[in-house]
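See structure below.
Chain nomenclature is as follows: A, B, C and D, assigned in order of appearance, with residue numbering initiated at 1 for each chain independently.
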Amino acid sequence: MTGLEKAMALGGHFTYFITIFLMIAGLFIVIARGNLIKKLVGLGIFQTSVYLLYIAPAKLVGGTAPILSDAFTVYSNPLPHVLILTAIVVGVATLALGLALVVRIREAYDSIEEDEILDLDAAAQPGVQEP
Amino acid sequence: MITPEQAILASITVPLAGALLIALARRTPNLREGITLATATTLLACVLLLLPVVMDGARPAVSLFAVLPGLEIGFKVEPLGILFALIASGLWIVNSLYSIGYMRGNAEAHQTRFFVCFALALAATMGIAFSSNLFTLFVFYELLTLITYPLVTHHGTEKARDGGRVYLGLLMGTSIVFLLPALVFIWYVSGTTDFTSGGILAGKLDPIEIMALLALCVFGIGKAALMPFHKWLPAAMVAPTPVSALLHAVAVVKAGVFSVVKVIVYVFGIDTLSAAGATDWLVAVAGFTIVAASVVALNADNLKRRLAYSTISQLSYVVMAAALLAPLSLIGAVLHLAAHAVGKITLFFAAGAIYTAAHKTEVSQLDGIGRRMPWTMGAFTIAALSMIGLPPAVGFVSKWYMLSGAMATQHWWAVAVIAVSTLLNAGYFLPIIYRAFFVAPAHGPHDHPHGEAPLLMVIALTATAAGTVLLFFLPDVPLTLARQMLNL
Amino acid sequence: MSLASHLPALQVVIPLIAAPLTVLLRRRNLAFAVVLAASWVALAIAVLLWLQVAEGGTISYAIGSWPPPWGIEYRVDRLSAFVLVLVSGIAAIVLPYSRASIEAEVPPQQHYLFYTMFALCLTGLLGITITGDAFNIFVFLEVSSLSTYVLIALGRDRRALLASYQYLIMGTIGATFIVIGIGLLYLMTGTLNLADMGRRIAMVQGTRPVLAALAFLTVGISLKLALFPLHQWLPNAYTYAPSAVTAFLAATATKVAVYVLLRFYYSVFGGSQVFEQLPMQEMLLLLALAGMFAASTVAIFQTDLKRLFAYSSVAQIGYIMLGLSFDSQSGLTATIVHLFNHGVTKGAIFMLLGGVALKMGGTSLARVQGLGQRMPWTSLGIVVCGLSLIGVPGTVGFVSKWYLLLAAFEKGQWWLVFLIVASSLLAVAYVWRFVEAAYLREPRADTAGVGEAPWSMRLPTAVLVVATLYFGLNTAFTVGSASNAAALLMGGLG
Amino acid sequence: MRNDLVLRVIAKLLIPFILLFALYVQFHGDFGPGGGFQAGVILAVAVIFYALIYGHVDARKVVPEPLVESMMALGVLIYAGVGVAGLLLGGNYLDYFVLDPNPVQGQHRGIFWVEVGVATTVSGVMLKVFYMFARRGGGDE
């Protein structure tokens, strides 16, 4: 395989690279950020990468939506799209719930930084809280 | 007329029902104690009903239900079991009389809990005595540990808590870590855990495996107090004296050595073990325990502690005799079960009586006490003779058999151990008797005039002392049962 | 009657319909009645399904009459029927209990919300168990998870909010990992039907995406089932959630996740393949052991009973996974039977602790001093369940441990036998911390006059405590079902 | 913003069209891109738009919160009800074929009601989320 062919093969997989990048970036944000909102943002990016993982292989270049018509013969696979529609809804619900929790956490603690909140808890009940 | 099968079930359910009634009668102490005595008497009646049946050679059995396929809760009365049941139920009556006197004499708290747990412990003991397979035995063995825990920690003090931790930790720990794997392995190898004459493991394992499995079983039965798992016995001394008597003489330690004998005879089989030569190490360990515990007893000033180490030593007699695998020594082991039971309970009764009447716990305080408490110390003396192995007490008979067995199999180490330990026994019991009767009482600041302990206690300890002598002259029942166990 | 043939659909639909009804009714008594009825009907259906499966084998139900593998299939086999009985049974027992419990722990205007979320959570858990479609598992998983987050956040303590948030993050990551795994499997096999996937995977066996899918699924599901060291969310969530929620979750949520893992390992990948191509056996064994010892040790040093038993849950999940790592008939039987047994025991414990929290005003060890005098029955119940955690014979815990030991012997791994029993000793240690506090210390003065919890809480709790003992003595149902299910899994699709 | 005349007038003009578009997306879903999800969101957008311009207190008068919650529940019930209707008519759960003597017509009927359910729930949820967040922070204007 020549270098060019290798590059072509890699290029053909470019959606996967995007997917993997988003996945890792999202996960990293979730882990590395202490801000509760930013964590949710990371979570959103992470979930979005999965949408891509499903959708990208299902799309045929030149394919259309699978609506019965004599004019078209090449269709994209509709099933992943439908699945991801569901996944998106789930993602939205998760995000909404997460944000709602953050709002209430802020009302309860007056902070949305995880370490500050843990400190507050530890201060409130010494000895009970642990890492 | 009730059938033997019903009698078996009754021996388990009568103490259970008794416990329930005792709990219900908690507001009227006299009724409560009446129920205790009535339950104990009924239980003895049930066991006595079974005795002639077993002596005639019948082996009544009841199978309740299977927990797992091939693993059932079942009961079967065989000679060793009926003997153990007889000892336990007979001594329970005496112990109840004594307990009533002790608990009232010392104004102990939580008396209802005490009597309820006592009855439950007896139910578990009966379950152990009559179990038809190792699994049932294991179940009741664990139950007995749990039920006696509240008795050990009865006082609820920091000391009681520590004692309870050691007690539970060692007994539960050994049974879970050693006995349970052994049980599963036996079941895995042979597909059954039934106690069968001649054992169930014949030809299924090689000698090394048999030796390892035996070690798991013997150390797993922590109640037999083989060193190094003996610490729970002295730790459990924090309990009130009637409990110590129950633990050390009747239910718990006897359940331990009883289980060891049962496992050796009915699970491994004498022939299998002697063919594999798997018990030599056990003779050595038990012999070491006998001597070492006696040496510790020699140096203990606390009377109950001295008795505890004496118990550890005496229990190992039974284990060693069983491990010798000679018919004569096994008869000795069975007889010693009975002999030690009546003897040791007398000693504890005496210790409790001294505490109740004179509030003395140390050997060094006992100068001249025999003059104030002649009955108590008289009984103590007879029991001590039995422990040493002198006539006219039953300890002589059992030691005789063990010694004969050791000589017959030419285990000179065992012979030496028995000889040395007899000297040691004498060494730690005779000084007490000497102090009690022949040393003039020292009039220390803590001394106060006192007579005998409450009447109920004196009756109880006199009765068991009489039993010690009686068994010397009439050892027929235990001997017959022991021979039956060995199919002689 | 055709209704019998629609039981698989009704199993999920009835709690699903109950959820919006509670919102429409809004009155908390009505909501309670509706969800209670739904959960009892669900239990009845689960039992009927179990009977049907025991008699006639696996049931397949095509949703919308679209035949599998094209449509979504509900599939009830011996394993799922057993888990369905567990989940719906616990729900049916916890619900009557929850009424008095949340009365004290949740603001009144949110009561109907509790019942809604409870019904949704039940729907999700039953759905996960019954569905034969990979993506459907994810959807139901999220239905149950989202409602769980809300349920946890209903807790009185403000730390419940953070616990819920942490669980949300961890749970979502786990669920997303699961979707990635499912996606990769779908790409490789072209089907979402689990049974179909199991057949087609032979063609792509050992390819890299399939192995990646295995890894993603294992990690994702392990997050959900709180396998050590992915258990971080669990102690906080269990500690700060309302008592009824903790009881329900502890008994069902992690168990259903284990079910999902079994499903994927054995029905999709085929057990042997999982254990041959990646060192799963060693890995699971190691994590299970680490969990058993680490979590038990941490449990010993807890000062709050809810937290103590939450860590104990992590340790017990170690046992469950240990059985799985043996990849043998007895090992799987141990896993499945412990799934049930631990569910019953832990459910009972957390229900008892709910009563304690209600009456004593907390569950810290310092507060429950002298519980044996204040609430003798409750504290006896905790002791009984504690003994089951230790594995004392006569309790359900013993049965599980028996099979675990048996499986270890079959593998000839003596050292493992001793590790298993040694970890029981740690259980003795943490259970005895409670026993000593409850029985050997004098009660605090500020708990004077405290009595037992109300009957509406005690009766359901008693049912579970008695079940802890009953199934320890009569194992026909539990071990019978579990060994059948294990045989089914070991034999492939069956 | 309440006093910004331009916004208020334009909002009044636009909202009917947004609603109409929602209905179009809803009913066109059978044959082309569209359906309950999108329609539900657009429906909610109309109300949210109103709330942005006129304040959420006024919006709550038009679409009160209990109604929103009922919509959430009702939609799910409609969806589940379609499934149960399939059961009652002798098919499996969510079986559309039996909803009409003509199976194709049955499919139409089934998907129509399912989409109605979806739209109801989605718009309910969207509004609920909006109301929840709008109520906090800034306080009632």
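In this section, contacts are C-beta pairs under 8 Å (C-beta built on N, C-alpha and C of every residue); 3 or more make two chains touch, one makes a residue touch a chain.
The shown structure was predicted, so the numbers you read here are calculated from the model rather than taken from an experiment.
Here B-C and C-D are compared, and the pair linked by more C-beta contacts is B-C.
For the pair chain B and chain C, the distance between C-alpha centroids works out to 44 Å. In terms of their C-alpha centroids, the spacing between chain C and chain D amounts to 36 Å.
Centroids built from CA atoms put chain C at 27 Å from chain A. With centres set at the average Cα position, the gap from chain A to chain B is 68 Å.
Counting partner chains per residue, chain A shows two or more touched chains at residues 93. Contacting chain pairs in the structure are A-C, A-D, B-C, C-D.
The touching residues of chain C, when paired with chain D in their complex, are 2, 6, 9-10, 13, 16-17, 19-24, 26, 61-65. In the complex of the two chains, the chain C residues touching chain A come out as 135, 138-139, 142, 146, 149-150, 153, 158-159, 161-162, 164-165, 168-169, 172-173, 176, 179-180, 183-184, 186-187, 192, 303-304.
Those residues of chain D that touch chain A in the shared complex are 31-33, 37, 125, 129, 132-133, 136. Interface residues of chain B, counted against chain C in their complex, comprise 65, 67-68, 71, 73, 135, 138-139, 142-143, 146, 150, 153, 156, 160-161, 164-165, 168-169, 172-173, 176-177, 180-181, 184-185, 187-188. Taken in their complex, chain D has these residues touching chain C: 66, 69-70, 72-77, 80, 83-84, 86-87, 90-97.
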